[in-house]
Amino acid sequence: MRLEPIANPGPARIYGLPALALGATVLVASVLALIAGANPFATLGLIVKGAFGSKFATLETLNRATPLIFTGLAVAVAFRAKLWNIGAEAQLYAGAVMTVLIGMHSWGAPWLQLPVMAALSIAAGALVLLGPVLLKTRFGVDEVVTTLLFNFIMLLFVSYLVEGPLKDPAGMGWPKSVPVAADLRLPRIAQGLRLHWGFALALISALLIWVIQTRTVLGYQIRAVGQNPQAARFAGIPVNAVLVKTALISGGLAALAGFSEVAGLKGHLSRDLSPGFGYTGIIVAMVALLHPLGVVLTALFVAGIFVGADSMSRAAGVPTYIADILMAVALLFMVLAILLTRYRVVWR
Amino acid sequence: MTDPAEVLRLDRITKRFGALVANDAISLRLRAGEVVALLGENGAGKTTLMNILFGQYVADEGQITAFGRALPPGNPRAALNAGIGMVHQHFTLADQLTVLENILLGTRGLWSWSMDIAAARAKVMALAGRFGLSVDPDARVGRLSVGERQRVEILKALYRDARVLILDEPTAVLTPQEAEALFDTLRKMVAEGLAVIFISHKLNEVMAIADRCLVLRHGRMAGEVETRDTSPAQLAAMMVGAEVTRPQIAAGQAGRALLQLDRVTTPDREGAPGLKAASLALHAGQITGIAGVSGNGQAALSDILSGLLSPASGRLLIEGQPAPDRWTPAAALASGLGRIPEDRHKTGTIADFTLTENAVLETHVRPPFSRGGWMDWAAAAAHTRDIIEKYDVRCPGPDARIRLLSGGNMQKLILGRVLEAGPSVILANQPVRGLDIGAIAYVHGQLLAARDRGAAVILISEDLDEVMQLSDVIHVISEGRLSPPIPRGTASVADLGLWMAGEGFPHAA
Amino acid sequence: MMAFWDILISASFWAAAIRIASPLIFATMGELICERAGVLNLGIEGIMVMGAFAGWFAVYLGLPLWLGVAVAFASGMVFGALHSALTVPFGLSQHVVGLGITLLATAVAAFTYRLALPQVTSPPRIEPFQPWELPVLSDIPFLGEAVFSQTALTYAAFLTAFLVALVLYRTPLGLALRAAGENPSAVAAQGLSVTGLRMGAVIVGSGLMAVGGAFLTLSAFSSFFFDMVNGRGWICIALVVFGAWRPGKAVMGAILFAAFDALQVRLQQTPIGAVLPYQLFLAMPYILSIVALVLMSRRAEVPQALMVPYNKGER
Amino acid sequence: ADPIKTAGIYTVPVEQQWVSRIHQAAEAAKAAGRIDYTYTENVANTDYPRVMREYCESGVKLIVGEIFGAEAEAREVAAEYPDVAFLLGSSFMPDAAANPNLAVFDNYIQDASYLSGIIAGAMTKSGNIGMVGGFPIPEVNRLMHAFMAGVRETRADAKFQVSFIGSWFDPPKANETAIAMIDAGADVLYAERFGVSDAAKERGVLAIGNVIDTQADYPETVVASALWHFEPTLNAALDAIEGGAFKADNYGVYSFMKAGGCSLAPLGSFEGKVPAEVMATVAAKEAAIKDGSFTVEINDEEPKSS
């Protein structure tokens, strides 16, 4: 079999296939529910209810989506330049570490110190990605592996910090960091809403990245470097400088995920701050075809599936692991569906 | 009634890509011991036809018979087993593997436990000796020169006992010497009864090697002639469908020197020599030709001019002033250089970018295409429409991805991009490689026009005829050394050929 | 300082290193096969979890240990088939599919475990592989204890590595696989199926990864835990790189990494361990991989078509 | 009365020793008709507050769980649902002002650990005892200290190797760590984590269990175990709820031996293999603990190798 590009896919394809992917996910959910002895016909309703069925559910979904928007954007920016940043997880933790370092003592007015915290977190994340990128530009070392490896080094470093120098003396020996000062927590968007300004920051970032990608010289250069670095170099584009700039943006965005999780939700750093947000961000970005606004939608979709399916597992009495299964299945179906909106399969 | 010597027969092959008919009921016969040339403009359907023959595409209609037996469609393995070998336009070799490994690939059942390297090596060496294809069987392919790689490709086919060999533009990337060696090999093969299909845009080669010529035009068979009954001019007319007129070339009016190299030396790189104390002056209103066998320092020269390389010693002067310290592609562009790169696919364009995005690749940092870091896409699109119109770029529109353009049209866009920026110095590196005659005439015409407007043009080409026709002054390049300038008409082809072969330049006056 | 050398020259330390290396060797060979054919398989971590579960569960249900290994292999092949179907003919992003498979396989293992064993209060156990004393060999001083008192599955790991090297470098199949990872169009031009080769490599490679996981439940330990693989899959990806895509070097790398792990555990009882944080030792494998990459970067040995999908129709 | 709607939220699977005791107690209460019990396991700390909220929203009246990794957020949730009773494992004390509805507990089973130490001290020949823990948190530290104190009763000169594997759940690693200790001379292991007893079994040395009784799995290896019983804790909470008196208490005391919250597992296959005079000491100490004449010291400092 082979794939043939479709010149002008119709709306039936563009909307039908992703819908089919969702349908197939629900089918898998129902089959799993059946196997687990639950009512297969209730799954769809329970998932939707669990994700968006109440103000509480919706807010939880948005909360869950926030770090995914950041990491998804981080990956989308980097992948545009064909900079395979698999290390959003590490950059996220770098941002989180910096947030704690700056935020553990309050030394200035929050309106001053919070932006400093955010900025230095961005710098920390950027720095973490800068390493692999310099190895790439200087020595030609493949960044897929180095960024992946940095994730584990970073996690061990965090583990060292929370068991050592940053360990909370009031934490009863539990491996977690000192807390961020109370006045340096990101405020809630509105009174009584469990949604903090990190979410708004994520949306703003997405818009900003979109503008950068489509309207600026840098955005154009990033794409040129991604598509054909040699031609870009010949045309006078400073390839390495563009890669470094890309890395700074990408690492910074991922770090904001850590910043927003720590300053917005957790208040401290621990080794399990991120249940794989950095990795899921990769999938989010790819499903979104690296489009920044698509990243927002995809992050909401992924968060919705997870929160909804997790809630469904409790309501239907199915083991909780079904949430991860459905998230994975939905994502795989979705990337396939999106591919097939642009290509047709020819059997010969 | 079949001809006993007939080895291959294509009957009314038709292939459509969507609305486009790439091959329209094409028939072809091939006899043992003959060389058939397949000619046609870019996009005429030559490669498509051969891909069908080799089973990589499936024809919509028609059938193929090899050695009297029908060939199942869409099955390269069947084609190989039927004795058909193909050397693709773009080589299909694995760089990290050795020559021997590349040749052995796929020749033995996948599930067998041994490769019997010794026997294979002996067979390869025997074949190499017989056909004059010298190559080290244990060398990594990635280390080989283009000519050597092509020999490996031919050995691959011969190793599988191919009786029919298809060569798709085999000489497009070869030096004249390598091409001559290839023809020797082909003659030996034909003498042993192999049949060859040979695709080329170079009519003199076709006249030299082919027994018969088939001409395709827009996917249709435009004619078939015995080589001895035809002439290059007639072939060209058949390809294009009209008489081809060559531009009349008058001598240029030399102005002041716009760019000079003063005893420039650059380091050698991976087998390719750098420049050795090379001196050169590019004058306004002149075309300066660089003649030489590829791999003699042309890459270094081109890199120096385009800002990819700085001189290790010696000076680079622009309008008499030393070039900026940070000599980068951006600096070169800023100081008025225009560049038609050697490889339009790899370094000239970005395949997945639109025409517009490609058209401003080198100028996007300047107004009107950008201001203060912000792109102005409307201005860029307007500019692209201008180029499309002025340079007759045949394309769906400025928003089409450039990968869909044929080589000739891609080259026209590049030409427009360079010339519209109003460069004072134009570096044209192999500007017509792989183009058909119509496109070649167009590109040459534009270069001459730019010269006449006062630009200094430097033309790097391995095609000596092209250099001699166009250039007002010629430098021969050999082993990184540049000869003194030779004015138009003061040296014969034979002289230049000798100097190119490194027989020592005449001393500067 | 004394303690440090005492550890290094003790046979039990090297026995531990070889034991810890065994699952890594299986999975690294699996990943190496995939990457040699041109496919980065980031599903490795999840496939190892699946193998750990499937192998263990089969034995728990009463199958003999070796059949448990076979079941693990088969479970890996299933996920390998899914991975390759998406990444090879469809050419979907190998990052996405790989991470998706990791998520999926991990969750499927956990889901099945909980469905099958809803009411356990302490993890059920099986009788795992026992060390297999070889006649004569096991009696050699030092070597006998360090190398020849391992379980059969450890010996199988080394045998697997040997076979992988043999096939890759000495057979037509291996040649075709390597070529598929270098330049798929060269393979296609010789009438071989790139799709078939790559899918085959991913499927078999995933099977080996699963056996690596099963080592944890059938040899290293006797129960199944959800987090049991604990990043070992990612280590194997590093090992493939560290070993420059060569089976022999990758095995040496696995032993080296395992030695760091064994050392780290032992150093905690020494003065050094009291000074240096244990995380430093755990990070060593990753840091060394990066150093190795930098040192190797001059000679680009990376399979040239790694992560590049091959599609006949496209241009 | 109607069964109390109860939900368990655990950050690890219910097989994990510590959680398994809570889960079992809850299942028992469910069987007895006192509660209506559902649970979610393996909840990441990131998701913990969300799951808490979800259960609260769904009308659960009692939430049992562990908030060691999500203290601040969990307490915030508890404050938002004043009508729900929270009985949570925590290293911190209850805060009646902020969270009148949040009570804490922990496995204060140092009494049983101490007794198991006495036996361990009697069983070691080399006087070298290996202890493999997860993280040096109070609930681990205090049991190790109590165990060591017990050992010193019978073997004053005992040496201890202490290691933390930096994970709650990595049996192969615990296994390797234990083997390293055996190689370094340990002949009795304190099996705080899964994986340790396997090493002991493989190398033919002895192990002392913790929290759960695994002797059935390792009949030749596990001599004695300090068991935790969650039932007294849960029952006390249920009584309080039923009486409308649930408040911010520290339920840790219900894990004390006096309250029936811990015990020494029966010797089982080691019956008769532990010297009788040692068992007499154990019995005497147990009686003293129960009548309050002897208290095992609670020391939450991180233990170090000696």
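Each chain gets a letter, A, B, C and D, in the order it is written, and its residues are counted from 1.
By definition in this document, contacts are C-beta pairs under 8 Å (C-beta built on N, C-alpha and C of every residue); 3 or more make two chains touch, one makes a residue touch a chain.
Remember, predicted model here, so these are calculated numbers, not experimental data.
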item: Most distant chain from subunit D by Cα centroid; value: B
item: Two chains sharing the most C-beta contacts; value: A-C
item: Centroid spacing, where centroids are CA-atom means, of subunit C and subunit D in whole angstrom; value: 35
item: Whole-Å separation of chain centres (CA-atom averages), subunit B against subunit C; value: 46
item: Interchain centroid distance [CA atoms averaged], subunit A/subunit B, Å; value: 45
item: Multi-chain contact sites of subunit D, meaning residues that touch two or more partners; value: 41-42, 166
item: Per-residue overlap in subunit A, given as positions that touch at least 2 other chains; value: 159, 163, 321
item: For subunit B, residues contacting two or more additional chains; value: none
item: Every chain pair meeting the contact rule; value: A-B, A-C, A-D, B-C, C-D
item: Residue numbers on subunit A that touch subunit B, as the complex places them; value: 7, 215-221, 223-224, 227-228, 230-238, 348
item: Complex interface listing, subunit B residues touching subunit C; value: 55-56, 75-81, 86, 88, 90, 92-97, 101-102, 104-115, 156, 403
item: Footprint of subunit A on subunit B - complex, ascending; value: 18, 58, 74, 306-308, 328-330, 332-333, 339, 341, 346-353, 357, 361-362, 364-365, 370, 373-375
item: Subunit D residues within the subunit A interface of the complex; value: 38, 40-47, 50-51, 53-55, 57-58, 68-70, 72-73, 91-92, 135-138, 140-141, 166, 300, 302
item: Contact set on subunit A toward subunit D in their complex; value: 50, 54, 56, 60, 63-64, 159, 163, 171-176, 179, 261, 265-268, 270, 272-275, 307, 310-311, 313-315, 317, 320-321
